[in-house]
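When the chains are written out, they are named A, B, C, D, E and F in that same order, and each has its own residue count from 1.
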Amino acid sequence: MSGQLLVINPNSSTEVTEAIDRAMAPLRAASGVGIKVVRLEDGPPGIETQQDVESVVPLIVRRIRDTNDAGGYVIACFSDPGLHAAREVTRRPVFGIAECGILTALTLGARFGLISILRQVIPRHLRYLGAMGVTERFAGDRAIEITVTELADERTTFARMVAIGTELRDENGADVLVMACAGMAEYRARLAETLGIPVIEPSQAAASMALGRIALGW
Amino acid sequence: MSGQLLVINPNSSTEVTEAIDRAMAPLRAASGVGIKVVRLEDGPPGIETQQDVESVVPLIVRRIRDTNDAGGYVIACFSDPGLHAAREVTRRPVFGIAECGILTALTLGARFGLISILRQVIPRHLRYLGAMGVTERFAGDRAIEITVTELADERTTFARMVAIGTELRDENGADVLVMACAGMAEYRARLAETLGIPVIEPSQAAASMALGRIALGW
Amino acid sequence: MSGQLLVINPNSSTEVTEAIDRAMAPLRAASGVGIKVVRLEDGPPGIETQQDVESVVPLIVRRIRDTNDAGGYVIACFSDPGLHAAREVTRRPVFGIAECGILTALTLGARFGLISILRQVIPRHLRYLGAMGVTERFAGDRAIEITVTELADERTTFARMVAIGTELRDENGADVLVMACAGMAEYRARLAETLGIPVIEPSQAAASMALGRIALGW
Amino acid sequence: MSGQLLVINPNSSTEVTEAIDRAMAPLRAASGVGIKVVRLEDGPPGIETQQDVESVVPLIVRRIRDTNDAGGYVIACFSDPGLHAAREVTRRPVFGIAECGILTALTLGARFGLISILRQVIPRHLRYLGAMGVTERFAGDRAIEITVTELADERTTFARMVAIGTELRDENGADVLVMACAGMAEYRARLAETLGIPVIEPSQAAASMALGRIALGW
Amino acid sequence: MSGQLLVINPNSSTEVTEAIDRAMAPLRAASGVGIKVVRLEDGPPGIETQQDVESVVPLIVRRIRDTNDAGGYVIACFSDPGLHAAREVTRRPVFGIAECGILTALTLGARFGLISILRQVIPRHLRYLGAMGVTERFAGDRAIEITVTELADERTTFARMVAIGTELRDENGADVLVMACAGMAEYRARLAETLGIPVIEPSQAAASMALGRIALGW
Amino acid sequence: MSGQLLVINPNSSTEVTEAIDRAMAPLRAASGVGIKVVRLEDGPPGIETQQDVESVVPLIVRRIRDTNDAGGYVIACFSDPGLHAAREVTRRPVFGIAECGILTALTLGARFGLISILRQVIPRHLRYLGAMGVTERFAGDRAIEITVTELADERTTFARMVAIGTELRDENGADVLVMACAGMAEYRARLAETLGIPVIEPSQAAASMALGRIALGW
């Protein structure tokens, strides 16, 4: 459908792509703007290193440049790869899930914490928070440090998220959390309930902002 | 309709309320969530002084506390009066147009400028930007300094907005602007086109974020 | 006496008002400017929620507007309710105890900590520190989390203050503390001595600054 | 008199010392704490370079260490020379006029400007504002660039102050100004009236804070 | 030579590469560590857009990964393309000229200004300054806005640099400037002399830091 | 040798001076610019208090003013005593080891930690980080709290450094450390290896930057 929102998962994982797609269901139900979720077939299976981030940028830029009919775009990786390059190749709005997840957190608490998957991404997050100019509202960034195999084990994953979220809340003083990863929307509500503070699923946050902007035609 | 978005104009002006209502049209057309715009009949005709801001807080809090069926709220005054008190009296999301207008600007440029109506509100804006922790992205705040009578003259108002927007762009280095006032959506597109940089209408920005959150049920 | 300092306790508690009054004794003894401490009879018994804060603003503004003969004002609640609105209705200086307590702390240490009563006020404090632009000097804010009944028990209260102050000093790196509450001046000296770092009683800090400004006639 | 405030002018100028002394008159009249103003006979005639600043530090430290009976100290030079060293040699409170002038400005406006004498001191002021952690409230620092001979000509000096103050107000957006120099209190009220915004005389601001602290015995 | 410094010009221009090479002469003369300057043959002729930046990242990463014998690296483009990805593929130190140019400026003045070639790069610079966490020392960024053809005309280019540098010094308050571009070292000394404030040539600044680190073996 | 780098140890300790001298060996070997390390015979045995810092300033300034043939200077005390005064008395570059150590850390990690000797110096460090404008990159400052006698015991000293470095890494989130002291270069490599993150020896960092600048003739 012309003018719909295109959500691009920059990795090649169909599981993650499907999880993002499911996360779009409530927004789809409430909006007249369609939402399509795609993956980059040539992308890496997951995005961990800075090199992974850089490697998907040309793929994302090309995908957006070559799309004629989308009304707007969400780049569904928490490193917001290629966000500013993508904005050069289209007049339609382009959103990153890190940017939108964090901005949405600013409406839900005084200090936000990030729940990351791997510790090695934290320096990249810190650079990004600095570039966004929002470090004054930042409480902390902690990683669940879980392997791909373990990620498949929902019980372990959720338990780690609760443990890390508790540390962010009690030691770092976060009163709102952002899941620093796409594709984990299924855990959001349970995590928020368990911890007693709001939790942001960033691809939903980004799609929300994108749908409004598409409707407005900005 | 149950679950719809309630946009509260804290002043008593029907003209402003109707202008906000018209600004909601594109969002209404694209969303399955309804949008209702109301004014505070007991509010002041306009909100200029800090006393005006404080005077509407109990009215807004009461209105929200007494509403049973709204899915979410937008407080449509750029001072975001009562935002944090309102969040205490409802579990539904509450948005301020200053907060959302500024956060949306962060997705559209590197440094944002504010176009205010009166110079006297600028210290209040500065305090609010500090509280939001976004001063690093702030380019400047300038006022069109126009009287109520002159505001009725669209030609004068627009000319002042262009003049002030040009100063913010060229002297303060803003590459995105936020209209620091509700009810002036009619000028947005023309202003953006004339200045060549994006312009945010804050009640549309807030309603966009609110509709997404209502749909998600956060 | 004309030109004297009026200290307004925005809650209706006579105990707190009397405690503030006693805290003024050394300043009274040393100054030719008189000091009068009053409570807001219509104020809430204590100020905890944002709604409590907002509820006292019109009372404070009215009290100041209707006072003819004061030389200056101190609003003796750590949320500084109505500070900026009050400054609109008088040409005499108006001080908030949070503002003055924190500014005074900047002359006594490198990083200040706040000892709050209840955890729920911390987000409000964080917004205020941001609005003041002093977060770079901020070490942390911790609450003694004590009920009104327990507050009457001096031994428990002091023990909690020592525990929280120790955490602020040793874990947050504070080298000066501010009591984020009026009416607890009796604990100040003992707390400072026990912890080995300066402790600010904010209504004394505010009255000090106010007396000087009244004398100068600024 | 034992326990009185000792104001130390770190330069050797009797004119400046007498001007500071006259500035203390309203505070003396209102306080039971005495105020004594002295100069450093061995200090330089004026303090301009960083070397001048450093040269007076040992003199100030020695003067404070060797004073037995003062209740508190003000170092009356806008570079606050030796402030932290002085605090090591006495348990009585020591205040710098830059620190107190700037902190007082934070209670009188949203953004403060500094009126300096010579351009060459501005980098030193910028470092100090950074060390104080208050740059977010800083509007600008401009110098009247007047020679010692011209300073004697009150008409020229005042005209330059008005010119520079107008630039700080209109171009830098300052809504409160601090005179970045001791000994010019005579100009304060006229300057504030002419510019329509508050002006801080920093030695009066420092003495105000010091008198309160001496009275309190902190 | 094994262990020498490899300076990579990420564009394909031989003129720029040779200019960078000449800029290395004084460092070569004084150091026992050799310096080799290369260009990316497959790079774009110049780097202006964000897409240009992204396009050279894989080329730079590959070049560094495939180099066996260098002792350290300088990426000689003011966008520091691929800096963090490059640091993942080698244990030898990698430096960006923007990072080093700006850090060196912090040792030479209180507030630094950037002289850019084109206005469109300024938002990218602002994001980078935020990521570096040095915005508090930032005075401004202005572009000489000169076309490639005009760049060949030294007289015009220098005149524009002087004009822009004067604005940065007098309107933005910069007391040290960084040339936000590689390959223009020939202008540095003359520009510094004309403006009366230090000017940083960033590839020289980066090579200086790199040579020390290679010598130390960190 | 004319034009060489003069490294000034502001204390009178020959042990520290010799340790600094040994730390220069790799830089000496790689550079054509000579390096001479001297101590201030009249300086205190160690620099701990603010008074110690101030006491060496005139000695350093005089030493630099009276040196005719140095090409540049490093002040080898982590308080950077007299840095700005020294820059007034010579046209040759002057570097402080705190400034250079911290700036170098910014090229090696996202958040830096400081390993101090004594807790009492931390407030001074915090003021300096504020003056440098780099607090956004600052993770924490912890002291090994070791007496002069214990410092002679290498095993104890190293064990304390590992303990403190571990806390900075794991509790404060530092991914690069700076030794906040001169004369301990012998521990650097072992400490970095043990902790698994880079460690900066600040006199080496400063000498590196100085040698480049001397070679360039800036």
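Simple rule for what comes next: a contact is a pair of C-beta atoms (placed from the backbone, for glycine too) under 8 Å apart; a residue touches a chain by one contact, two chains touch by 3 or more.
Computed from a predicted structure; not experimentally measured.
The chains in contact with chain A as well as with chain C are B, F. Its C-alpha atoms superposed on chain D, chain B is turned by 120 degrees; the angle is given in steps of 5. Among the remaining chains, D is positioned farthest from chain A, on the basis of C-alpha centroids. The most distant chain from chain B, with centres taken as the mean of CA atoms, is F.
The chain pair with more C-beta contacts between its two chains, of E-F and C-F, is E-F. Two copies of one chain, chain D and chain E, touch each other, and the residues they use overlap weakly: the shared fraction of interface numbers falls below half.
Annotation: 33 Å between the Cα-based centres of chain B and chain C. Inter-chain spacing, taken between the CA centroids of chain A and chain F, is 42 Å.
Residue positions 123, 127, 130, 132-133, 135-136 of chain F each touch two or more of the other chains.
Applying the touch definition to every pair of chains gives A-B, A-C, A-E, A-F, B-C, B-D, B-E, C-D, C-F, D-E, D-F, E-F.
Taken together, the chain E residues at the contact with chain A in this complex read 49-51, 53-55, 57-58, 61, 82, 84-85, 87-89, 123-124, 127-128, 130-133, 135. If you check the complex, the residues on chain F that touch chain C are 122-123, 126-127, 130, 135, 140. Interface of chain A with chain B (complex): residues 26-27, 29-33, 93, 95, 99-100, 103-104, 106-107, 132-137, 198, 204-205, 207-209, 211-218. Interface residues of chain D, counted against chain B in their complex, comprise 109-111, 136, 173, 175.
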